[in-house]
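Think of it as A, B, C and D in the order they're written, each chain with its own count starting at 1.
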Amino acid sequence: MNQQVLSLISSRLLIALITLVIVSFAVFFATTMLPGDTASILLGQAATPEAVEGLRKAMHLDEPAILRFLRWLSGLVTGDLGTSYANDMPIGELIGGRFVNTLKLAGVTALFSVPIALTLGITAAMLRGSLYDRIVTIVTIGVISVPEFMVATSAVLLFAVYLKWLPALSLANEVHSLADVLRVYAMPVITLTFVVSAQMIRMTRAAVVETLTTPYVEMALLKGASRGRIVLKHALPNALGPIVNAIALSLSYLLGGVIIVETIFNYPGIAKLMVDAVATRDLPLIQSCAMIFCLGYLVLTTLADIIAILSNPRLR
Amino acid sequence: RASKAVAAAPVSGGTLKAAGWSSSTADTLDPAKASLSTDYVRCCSFYNRLTFLDKSGTPQMELAEAIESKDAKTWTVKLRSGVTFHDGKPLTADDVVFSLKRHLDPSVGSKVAKIAAQMTGFKAIDKQTIEITLANPNADLPTILSMHHFMIVADGTTDFSKANGTGAFVKEVFEPGVRSVGVKNKNYWKSGPNVDSFEYFAISDDNARVNALLSGDIHLAAAINPRSRRLVETQGDSFVLSKTTSGNYTNLNMRLDMEPGNKRDFIEGMKYLVNREQIVKSALRGLGEVGNDQPVSPANFYRNADLKPKTFDPDKAKFLFEKAGVLGQSIPVIASEAASSSIDMAMIIQAAGAEIGMKLDVQRVPSDGYWDNYWLKAPIHFGNINPRPTPDILFSLLYTSEAPWNESQYKSAKFDKMLIEARGSLDQAKRKEIYNDMQIMVAEEAGTIIPAYISNVDATTAKLRGLEANPLGGQMGYAFAEYVWLEA
Amino acid sequence: MTTDIQQQQPAARRIGYRFNLVGALGLSVILFWAFIAIFAPLLIPYPVGEIVDFDYFGPRSAQFWMGSDYLGRDIFSRILMGARYTVGISLAAVSIACVTGVVLGMVAAVAGGWTDSLLSRFLDALHSIPSKLFGLVVVAAVGSSIPVLILTLSVVYIPGAYRFARALAVNVNAMDFITVARIRGENVFYLIGSEILPNILGPVLADLGLRFVFIVLLLSGLSFLGLGVQPPYADWGALVRENIGGLPFGAPAVIFPSIAIASLTISVNLLIDNLPQKIRDRSA
Amino acid sequence: MANLVEIRNLKVEAKTDSGRIVEIIKDVSFDVAAGEIVALIGESGSGKTTIALTLMGHARTGCQISGGSVMLAGKDMAKLPEKERAAIRGREVAYVPQSAAAAFNPAATIMDQVIEVTRIHQLMPAAEARLRAIELFRALSLPNPETIGERYPHQVSGGQLQRLSAAMALIGDPKLVIFDEPTTALDVTTQIEVLRAFKSVMRKGGIAGVYVSHDLAVVAQIADRIIVLKGGEIQESGATGDILSDAKHPYTRELLAAFEPKARGTQPVVATDNPHILEIENVFAGYGAIQVDGLPLVSAVRSVSLKVERGRNLGIIGESGCGKSTLARTIAGILPASAGQIVFNGRQLAQNARRRTREQLRELQIVFQYADTALNPAKSIEDILARPLVFYHGMARKARDKRINELLNMVQLPSSVRHRRPAELSGGQKQRVNFARALAADPKLILCDEITSALDTVVAAAVIDLLKELQRELGLSYIFISHDLSVVEAICDEIVVMYAGEKVEEILPSNREKVPKHPYSQLLFSSVPKLDPSWLDGLEQDPELVRAYCRR
């Protein structure tokens, strides 16, 4: 670790912070531009002018947007996410459990998909041009091309309805043992692994193939090194940057992009929470969810950048 | 008790798991705010009402022992004794007064504030007796009190997160938008419930809901899509469909005060353009009944059986459109998943229109915000009306000049007068006669086309017993949890 | 020395682009769908919205080549018309996304400094919002119509195209021939249009193909959430979605649209992976 | 078996982009005796590297050994199964690559990579291997032999890295070491040290070597025998002394001729009021943020002043990194000077090219070292040459076509190259195009930054001749930057020696013998290899001086 690395890392963090501020502006004002009045949406079919008025007052909806933004921003900084319009609960409380669920699902999926993707990507790169490589390539393209809900529904029909091996739903609250984890998470994890691995496989393969054409890899070959050694010792450490970046992007998808999987498996994650929030025009909740997604994305990509910086000995 | 009449004796024990179709973070345990079916189910399991409707639609007493009136204006409610709340507090007249009076307070945001507004006076006569005074006579009060919003809560409750009611289950878990769990109320004043605990949540995706049932994750999947019928039926005897035609309908509304609904001939033409048979057959897959453009369902006692639906007659429609001068124009029709089956219905009507050169521009809009942005507002749009127990409620909500949800802006002083007249009358035959006439008026004059009454179909495992139809809606009027049992 | 180089030049190379078999296969499938998309109204046997079968999820038959859908409509006609939306919307969106992203990326790379940081931060912020939720919010705000759909899809993919093009352009920008052009006094537009673009075109095209696949999928994902093309028309993703109830019976109504999606996306990728050397080589 | 290596009728095929198979090595046979060092010499693309790699049983992707045998200690490397080949590589035959900087894995420490061979072949325990590596570092006279192995490749200099890659090759005690142009990328001053180290280690261990190079003078110092290649065929072979003194083949003679100093008639000064086309005074330039004193963080050029007379040439030499290119870029306005004055054609130039007028930009052109990166690979030669014609002279299509032909003619390229892309030209051809583009602007002064360094000697000599000829015809002036003294001497009237960003000496045309006075210039001039095989052994440099000026 030296001065240069520290300054690089701190500049990455600064960039992330600036982006976050831009995001918070965008998120707040974009959401306040959503048409429809929260109060009357909440009352639904029963909205009468008096009821709407009463509710608007109770929810501070009659204040100007700027005031609400400043209040919200200072709240965010101090960790107070505000109160849900829809049910008066503190947002932190609403999000908390859901967020943990999302993290769990993302974690378990990452645990499966990352090693699978890396193995397939690296082996395909090693055997570049072979039948195996072509099969992996075609299959990954095929997998990318299938809509997520198709994968999910097929998996449910096969494993839950016909074979009855796994539950059709993924009820996060029923996890008490390791066996439960496997049972409950199997279906969404299978689906999501399909969805996110393909991209990681492609990127890993491309990154490793790129380093395999470098002179130092040829040099290793001329030293008599085996294929495995060449890839693991010489190609992989130098391909780490792009690979970590691809993993970060895939994982950030797992945080916010899994709405379809959450819907089909009835998994109480944070993406569904946000969809609900959009439906009820629960602005504080939409904003908090959006901020969480953006934060997750920024944390992951910044982390990937930092790993790439640290893994580059030129900067050590 | 209806369910007790079933030949097989109920078995007690087990964990009942069931799934509805919609839930969100706006889920609530406050009966006054309940708006989604999941809320109703929860309220029914944690609370009780003064009355409830049996399967024939007749009000039966629940927390009330008797509800009586001489003039249909001043009513006396006698409470059942020995009922306690989950926290041990006994039920008194004060609780009832508090529960009903809440609806009049605008800051509560009650969904039935409009209906409750006719109750102008409440008086606790003694610990077990309440006197309710109405603004105008209304013979339907016992039925009105069976609505889910009029669940009885403990006096002074402001925090509803404990769901401290008198109901069959005691709240254990409640996560808005996720699930709720109730355990058997050991001190329940009725016999029952049969199951030890009851978990309820929503699976919004139709296929996922059915799949969850088929894979054995849940015992009941509420309101399955007509398309899933075949899938369930091919599974053999292990699954059962329970069908209720309770008066839920999806209707096409043409505002009479806007182009092109202000042309009588257009309205008339549209009524002939709707192929009701095909809607029932294709869009509803037979799970519905042909409707005759008025809201009183075939299950209802006051239904005018002689009023026949308009036949599908494209030529006549074409003639009428030509007369109205709208043929060849592109007319926008707003539909949304929010109004169930409305998109399919719209497409059926659209295809029929295309045959005769009537261009209907179907616009599908997102479900969220639909009720706020399009319903009641767009010149031609779809609505979806949940079952209501009495013609009086239906008409006063949907068709009188003052009606808050007057979907087609139908205004008739005569109609309004007839409603008041029927409401105050305690003579059932007389009321039926007036209501029959009003149904004809609505069907002929209003701009609402009700092509079909949609059956609510709940799919259950064969192990789930004791589920019956109820005019208040599917899932036994949302109150099934208390009555059903699980066969081993 | 000059002469022997001349001899090494095979005459055939200048004639045109050479595709290998797989690439040609991909291209022909794409052209096939493009043809269908253009001429669909002339080819469909039944009107798209008309209920022609009393049964639903009907099997394949001489009358209905690919069976009927959940309402009893002819799925064959619906797939042919769906090509218009899937191919058209995705193509429009991917073009807008790539043109905008690539131009901005090149401008950022050439201009550097403030312009670069500002653009990068802003697009990074946009990138961080999950695409489906972004689509959901936009459609909730302004409603769903084809232009809105196209714009939403393109906005979702602009940051990706930008990042990609910028990274490539930064490499090209470091080359001496850019310096030569700069000190000749050329302006930014000449630099990006004539000097940088031709050099990043190959990878950009490859990236465009991959993005196309994602847009097709996002479009189908959005129709899962109830946003998308207006009825009675439907893009392929929506066809899969609305008929997914037929999956347990292996209904052709759900199988064929899925095959259509897969055939298009796989072909696009095959084409990209097997682009003629001549295009692929135009990388930095 | 007398010889360590016996190559018989070797043929190597390559597949071109268009799918055609071409033979790049045609029927090559030669031997290497144990302990003998054989040099392979020839122009770029003649197949030197390809042959060297076949000794390891390796062919680059796209290439393939299609015939003949490569016997190494009795085993045919061309036919052995991959596994057995791998067992021989690094242990019996080792490779020192052309660019050590590229051949070291940037992500691993030097020590790890040096002893990797012992690990792969399980020759000895790691601790022992490390000790042996340190011994080798010492033998190769690397600084801090105990600790240098802990660094990463980017933390040592190019010359050091080149020696470290020799250590990497020698650690497995090979019988044969292949050197692929190991000193081409180094400064002359560094080259001497590296050559010496190689020579002594090889001698001591009695190791046979194959030394690939295109520089006869370098080869003369180290090889016992020389093999001359052209177009994948052996042209001539013989003992070093014989080849140097009595070359038979015309190509070899051409190579030798490139070394003969060329007489150069001084250009007549064009008589005008101001005899100077360019005057720069106290120019400072560098990289990084500007500090409080107004100078940049890394200052690469410090207080340099020089003058170029009309129609005359100025040469700038100095070791790598001394600031030659920076100076050229500063003059051209690519890197604005942080202080100082640049007067061109009597008028002061803005520091930044952006603020110079189009005329000023046109009259002062720059040609870069790497023709590859200076030509847009996506454009045809025609387009590349047409742009300045349109941009500066607004020429219409017809006039342009004519002018392009003239320009191609001037740089001695056939007009058939017009439609080609740069990738379809050889290095020398590309550099000519590069030059033609500068000429298209009708400049008064051309800055040539190492324009011959990437070319081999014969081609470079041809390019130099061309420049001279054009100067005679067009009355141009050049600033000629190079680290190769012979090139600069061949074309320049006046030579400036730079060291560490500063001008240390100016050798004027009046100084006919060009005898440098500054000690650094003396060191530099004496480090240029001579064709004499005994030059290296006989060379004596003041160690004091070497220490002071060589950052090895």
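FYI, contacts are C-beta pairs under 8 Å (C-beta built on N, C-alpha and C of every residue); 3 or more make two chains touch, one makes a residue touch a chain.
These numbers come from a predicted model, not from an experiment.
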{"item": "Each chain counted as touching subunit B and subunit D at once", "value": "A, C"}
{"item": "Pair with more cross-chain C-beta pairs in contact, given A-B and A-D", "value": "A-B"}
{"item": "Chain centre separation in whole Å, for subunit B relative to subunit A (CA means)", "value": "40"}
{"item": "Inter-chain centre distance, subunit A versus subunit D - centres from mean C-alpha coordinates, in Å", "value": "50"}
{"item": "Gap in Å, rounded to a whole number, between the CA centres of subunit D and subunit C", "value": "46"}
{"item": "Junction residues of subunit B - those touching two or more other chains", "value": "207, 367-369"}
{"item": "Multi-partner residues of subunit A (each touching 2 or more other chains)", "value": "35, 153, 157, 161, 278"}
{"item": "Multi-chain contact residues (two or more partners), subunit D", "value": "none"}
{"item": "Chain-to-chain touches, reported pairwise for every pair that qualifies", "value": "A-B, A-C, A-D, B-C, C-D"}
{"item": "Residues of subunit A touching subunit B in the complex", "value": "35-37, 40-48, 50-51, 53-55, 58, 84, 86-87, 89, 94, 97-98, 153, 156-157, 160-161, 164, 166-169, 171, 173, 263-266, 268, 272-273, 276-282, 285"}
{"item": "Touch list for subunit C against partner subunit D, complex", "value": "1-2, 4-6, 8-10, 12-14, 175-177, 179-186, 194-195, 198-199, 201, 277, 281-282"}
{"item": "For the subunit B and subunit C complex, residues of the former touching the latter", "value": "206-207, 225, 227-228, 230-231, 234, 278, 281-283, 285, 335, 337, 343-344, 346-348, 350-351, 354, 362-369"}
{"item": "In the complex with subunit B, residue positions of subunit C that touch it", "value": "47, 49-51, 54, 56-57, 70-72, 139-140, 143-144, 226-227, 230-232, 244-249"}
{"item": "Footprint of subunit A on subunit B - complex, ascending", "value": "19, 24-28, 35, 106-107, 109-114, 175-179, 201-205, 207-208, 211-212, 214-218, 367-369, 371-373, 375, 404-405"}
